[in-house]
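For reference, chains read A, B, C, D and E in written order, and residue numbers begin at 1 within each chain.
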C-alpha cells in the first residue's frame, strides 16, 4: 500500500529522520513508537508531504509520490490527524466537518456564485459525507452541538471524522490518545480497530504502550531518527535495544497492561 | 500547609471548578487524579494566582492568597511547575534555571548551592547547561522545568502532569525525581492521569471529576476501588 | 434682524498640512470679523453678517467634496474656499450643477484652464516671477543652475517653467533633483547630488521650513552661490528657521508680506498682528483680500446666492477695495476666473531684505 | 570618492535614527506582540517634550534630552497601562486599531497645545568638523556626529542591559514564555511597563538627537514609523540586531539611492529593496531572537 | 424565530431602508456621504474576505482600490474608453495585479504578510505619484466622466449615482454571501483556522489563498472604479495606507468575519466622522479615544457582539442541560458514565 525507502530528513545539521524504510499494509495498523524527539512526527510529515525529504522515496500503491504536496496526497487518499487539532470552537460539529469532503467535489467558486445545480449537489454531498463520518465515529447525536461544548475525547473523534470525510485509503494518526484517560483511550482504540476493519490502512503514533501493543499489527521503533526495530508488538517489546532506548527495563516485567502510560 | 476551600472557577459560562476543597499537609506528597479536562490544571493555575477564583479561598500556611499576584505567591514559597513546561526556549539551560531563583535574587549564594543540587539530581543538565532549552528532548525539558521550580525554593511544589507526552522510560525517571524531592522535605501536590504510577509514590490522593472532588483517600484504598481502576488505570 | 451669509471653507486642519490650512482659514476669518464688526455688508439694501464655516478634509479630495456638499446643502454657502488643488478639482465635478463658486487658493494652471464657469483662482500665475528671478541671480552668481525644488504638483509646474527660461537666458542646468519636501526627513544626499554639478545658483522651494533645511544643508556642504526660492516658501519664515538672513545671502524670492512697503499692506500687517499676535503670511493676506472682494461683489451684484453674478463682479470689487483691505494687491479677475496681481519680489543682500521691482527686475534701492 | 564617503556618513546618520526608533518598536513587538503603530507619535512626543524643556524651562540640550526621555517613557507606560494591557487577551488586530487611535490622539494633543506650526530645537554645537572638510573633503556637522555616537552608545547599553542584567533577563524571559515568566515570580506588569518605558525613551532620544537638523511638527512621526516597520520586518521582528542592521541598511539604501539614482525615487528603491530581500528571505535577515 | 427567516427579513428591510433613505433626509449632502460610505463598504467587504475569513491582513487594500480607480480614470480621460468597459477592466486589472502581488506576498505569514503588503501599498502609491506619464502624477486626474447611462437611466446626479452604488453594494453582498457559504468559502476558513490541517484536508494552500486575495482585491478594484465615477477626481493619496486602516476600523466596528459587519461599520464610522466635524481641529481628540474604547469594550464589533450573545445563550442552554445530565448520571451509579461504552 504505502512504502518508504531510505527516507531521510535533515534540519540544518540535525538528521531528524535517518534512512528509514518500512511499509504500511492495507487494512493493517502500523504503529510508530520511540522516545520524544525520535522523529516520529517528522516521519509522518515526510510521508504526508508536509516536508520534502532530503533523501529517499515514498510510494503509494507503487506510484512515486515523494515530495508531493499534502493537498495532492490528500487527493490520492492519504488523510491525517494532528497532535493537536484546532476546530472552529463556535461552530457546530457538522459545520466543522463539511470542508472535509471538499476535495472530492468539482464545483467551482463560479458555481457557488451562480448557485448552480452542481454547487447545490456538492453541498448536499459534503453534508451527507460529514454525517456519515460522524456516525462512523459514534457522534451522530452531537452533530448540532457547538464544538466548544463537547468533551476533549469527543473532539478527538471529530478530528478522526474530519480525516474520514476526505474518503481516504490510508490515515495517519499522531498521538490520538494524548491526554485522554484510559477508559476513553480504550474507546478510541476500538474506533481505530474499526477503521482498519473497514479496509483503511492505519498509521499510528502513540506513547500509550497498552494501546499500541493491543492494537498494532506491526510496530516500527524510531530512535534518534533511525529505525532500531520493526516487528509484531511481541517481538518489539522483547527487543533489548527497544527496552534500553524507550520502554525501560521493567516494562517487560510490569506487562503492557499496567504500564499503560 | 496548603488549603483550598470551596474553590470555584468559571471560564465564561463554563464552570471548570465547582467548590473544590483540598488540603496538603507539610511534607506530604498528594496526587490529584482526574481525566482530561477534569480541572486539575485549572485548580493549579488558581492556586498559583494565574486565574482568579469566582468563589472560595486558598491559604498557604495560614496566609490568605486571595488577590495575591503570582510573583508574590512564588515569594511566599509556593512554586508551580506547569503543564507543558513553559520554559524559555531560546535561553540556555543554566539561564532558565537561574531565572527560577528570580524571587531570591538578593541571595545568590544559596541559589548557587541549589543549582548544584539540581545538577546533581539531573546530571544531563550539567552537560547541556549552555544549550538553549528549546533544543533539548521532551524528557530533558521536563527536568529543566522541575529544576527551575526547585530553584524557587518551594515549600510547596505543584507539579502538573510532568509525564505528559513522555516515553515510558522517562516517565519513570521523572516520578523518581519527584519522590526524591519530596523525601528531601518539600511538600508536593502532583497532578497525574497515570494513576497507577503516581499512586506508587503518593501519601494520599484526590480524584477530580467535572470540576468536583469525588473521592479522597490513601493510595491503597483508591487502588482497590473498582471504578477508579476502570477509569484511570485501565483494567 | 440681520441676515447671515455663510462662506464655506474646506481644507486640512489635521495632519501634515494643518498649519497651511489654518493660515488660509485665518485670512478668511479675519476678513469676516472685520466686516461684521463694521456692521455687516449691505446686500440688496439689507445688512448681512458673514459667517465662515471651516471643515477639515485632511487634504483629501473626496472629503473636500463631501464638505462642499455639506456647506452648500446645509449652510447654503455661495462660495466654498479650498486651499488644495485636489479638493478644488473634486469640487469642479459638481459646483456648476450645485451652483456655488469655488475660491481656489492654488495656482496650478489647470485650475482655470478647464472651462469651469464658477471658479475663482485666488493667487496669481507665477509666470511673472521667473524672469526677474533669473535676471538677478544669473547676473550676480553665474550661469550654472542646480534644480533642487520640491516634487509636488505646484513645485513641478514651477520647475517646468524655470528650466527652459534659464536656458533661454543663456544659462545651463547642471543638476536636476526634485525632492520630497513634505515627506522627507533629511535632504543631505539629495542636496549633495545637486552640489556635485557645481552650480552657481540653486532653485529651491516647497513649504518654508523644509526649504530652510535644504538651504542650510547646501551651505553646510560648501555652497556659496545664490538661491531662487519658489513663491510657496517665504523668506521671513525661512529666516526664522535659520536664525537670521545670513545663510540666505543672495537669495531671491517673493517679498514677505511684512516687508511689503506698498500702501495698505503695512496697515493689514498691523491689524493682523493685533488680532493674532503674530506676523501674517501671504496665505492669510490672499484669502483675506479674497473674502473682502467676495463680500464686496455680493454687494455690487445684489445677491448672496447667484454665484455667477458674484464672480462677474469680482474685478469691480477688487478695484473698489481700499488698499488696506486688499493687501495682496489683486488688480483684476480675468474671464477664466484667474486673478492678476502686481508682483513684489525680494532679494537678500547684506543680510537684509531688499524689495525688487518685478517689472524691471531691478533692486528698488 | 569623498562624495561616496559623504553618502556613507549621511546613510549612517539616517540609519542611526531609524535604528533607534525601530529598536523600541521591535522590543514591544517581540516581547508583547503588539504592532505599536503609535510608536511614531512617541517619537513626536519626545521632540515636543524637549522643545518644551528648552523653550519654556530654559533647559540646555542634554537636560532637555533626559527630560524628553523620561516624559515619553511615561507616556508609553501610560498607554500600556490604559490601553494595551486591557487588550491582552484580544487578537493583535485590536492592538493595532487601538494603537492607531492612540496615534491620532497624541498627535491631536500635540497640535492642540503647540499648534500645527513647525518648531525648531537649536543645535547645541552648531559647528562643522572642519578637519574633515579640509582633509578628506568630507562635511560632518557636529550634530550628525552626535547622532551616530549617541545611537551607538545607546545600542550597546541596551544590549548589555538585556544580556547582562537580571531585569534584562526577565524581559527576554517574558518574550519567550509569558506564563513561564510569571511562574518563576516575574511580575509581568512591571516587565511590560519597563519594556514600554524603554521603547518610549528610545524613540524620544532618537527624536531629540534628530530634530536639531530637522523640524518639529505634529505629523513628524508618520515619516519615520512606516520605515521603522519596514526595518523590523527586514531585520526579523523581535530581533534587536535585526533592527539595528535593518535601520542601517535602509539609511544607506536611501542615501545612496538619493545620490546615485534620484532623490525622487529613493523611497521606491528602499521599499523595493525590502520586497526583494523578503522574497529571498521570508523570515527577514535575523530570525527573531526573542523567539 | 428561524435564523434564515430573520436573515431574509433583515436583508429586505435593509434594502428598503436604502431605497427610501434619500427621501427622508433633508438634502443632497446626506445622499452624497452615504453613497461614499457604500463605496467604502464594498471595498471593506473585500478586505473582510481576506481578513475575517481567510485570516490574512492585507494592508495594501487601499492601493488596490486606487488601482481600480486609476484604471477608470486613465482609460476614460486619456483614452476615451466608455465608463462601463473601464469599470469592468478596473476589476480585472486589480485582480490581475493582485494575482502577482498575492503570489509574492502570500508566502509570508502573520505580521510579515501584513507589513509586506503595507510596503506593496506604499510602492503602488509612490508609483502613482511618480509615473507622471501614465497617472498624471501628483497633479491627479480631473474631469473623469460620470458613469454613462444604461438605457433610459442616467447617472449624472448624486441621487442617480446613489441608487447605482446601492445596487452595486447589494450585488456585492449577494455574491459575497454565496462565496463565504460555498465549499470554497469553507476552504478559506479552514486556512484561517490552521494551514497544516487545511492542507491535509486537500486544500491547495497557495492556490486557495491567492484566489481569496484576488477576489478580495477585485472588490477593492470595483469599489475604486465606482469612486472614480462618483468623485470624478483622483489623486495619489487614495492609495494611502491610512485608507486601509479606515477599512479595518470599519470591519472591526461592524464585526470581523461577518457578512454585514463591514457595511454597518462603514456607515457608522463615516457618520461618526461627519458628526465630529464641528470640532474642527479637535476632531481627532475625540475620534482617537473613540476607536480605542470601541476595541476595548466591543471587541467583536456590533454584529459580532449580537451573534456572540445569541451563541452564548444557546451555549448556556446546552451546558445547563449537560450539567443536569451529569448530575443525573452521577446519582444513578455514583460514577461518571462513559461517553461511549
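Methods note: contacts are C-beta pairs under 8 Å (C-beta built on N, C-alpha and C of every residue); 3 or more make two chains touch, one makes a residue touch a chain.
Just so we're on the same page, UniProt names per chain: A = Amino acid/amide ABC transporter ATP-binding protein 1 (HAAT family); B = Amino acid/amide ABC transporter ATP-binding protein 2 (HAAT family); D = Amino acid/amide ABC transporter membrane protein 1 (HAAT family); E = Amino acid/amide ABC transporter membrane protein 2 (HAAT family).
Values in this document were obtained by computation on a predicted structure and should not be read as measured data.
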* Asked: Along touching chains only, what is the step distance from subunit C to subunit D?
  -> 1
* Structure fact -> Relative to subunit D, largest Cα-centroid distance belongs to chain A
* Structure fact -> A student comparing A-B to A-E should find more C-beta pairs in contact for A-E
* **Inter-chain centre distance, subunit D versus subunit E - centres from mean C-alpha coordinates, in Å** => 33
* Whole-Å gap separating subunit A and subunit C, where each centre is the average of the chain's CA atoms -> 74
* Between subunit B and subunit D, centroid-to-centroid distance (C-alpha), Å -> 42
* Asked: Between subunit C and subunit E, what is the gap in Å from one C-alpha centre to the other?
  -> 40
* Structure fact -> Check: subunit E positions touching at least 2 other chains come out as 281, 283-284, 315, 319
* Asked: Which parts of subunit A, given as residue numbers and ranges, touch two or more other chains?
  -> 151, 153, 183-184
* Of all the residues in subunit D, which ones touch at least 2 other chains? -> 107-108, 111, 116, 264, 267
* Sites on subunit A touched by subunit E in the complex -> 48, 50, 69-72, 74-75, 79-80, 82, 85-88, 90, 98-100, 102-103, 105, 107-109, 111-113, 115, 119, 122-123, 126, 138, 145-146, 148-149, 151, 153-154, 162-163, 166, 183-184, 187
* Residue ranges of subunit B touching subunit D (in the complex, touch as defined) -> 48, 50, 69-71, 74-75, 79-82, 85-91, 95, 98-100, 102-103, 105, 148-149, 151-152
* Along subunit B, where are the residues that touch subunit A in the complex? -> 35-37, 137-139, 163-172, 193-194, 196-197, 230-235
* Going by the contact rule at the top, pick out the subunit E residues touching subunit D in the complex. => 51, 57, 104, 107-109, 111-112, 114-116, 118-120, 122-123, 126-127, 130, 241, 245, 248-249, 252, 256, 281-285, 287-292, 294-296, 299
* Hey, which residues of subunit D end up touching subunit E in the complex? -> 29, 35, 83, 86-87, 90, 92-94, 96-98, 100-109, 111-112, 116, 226, 229-230, 232-233, 237, 264-265, 267-268, 271-272, 274-275, 278-279, 282-284
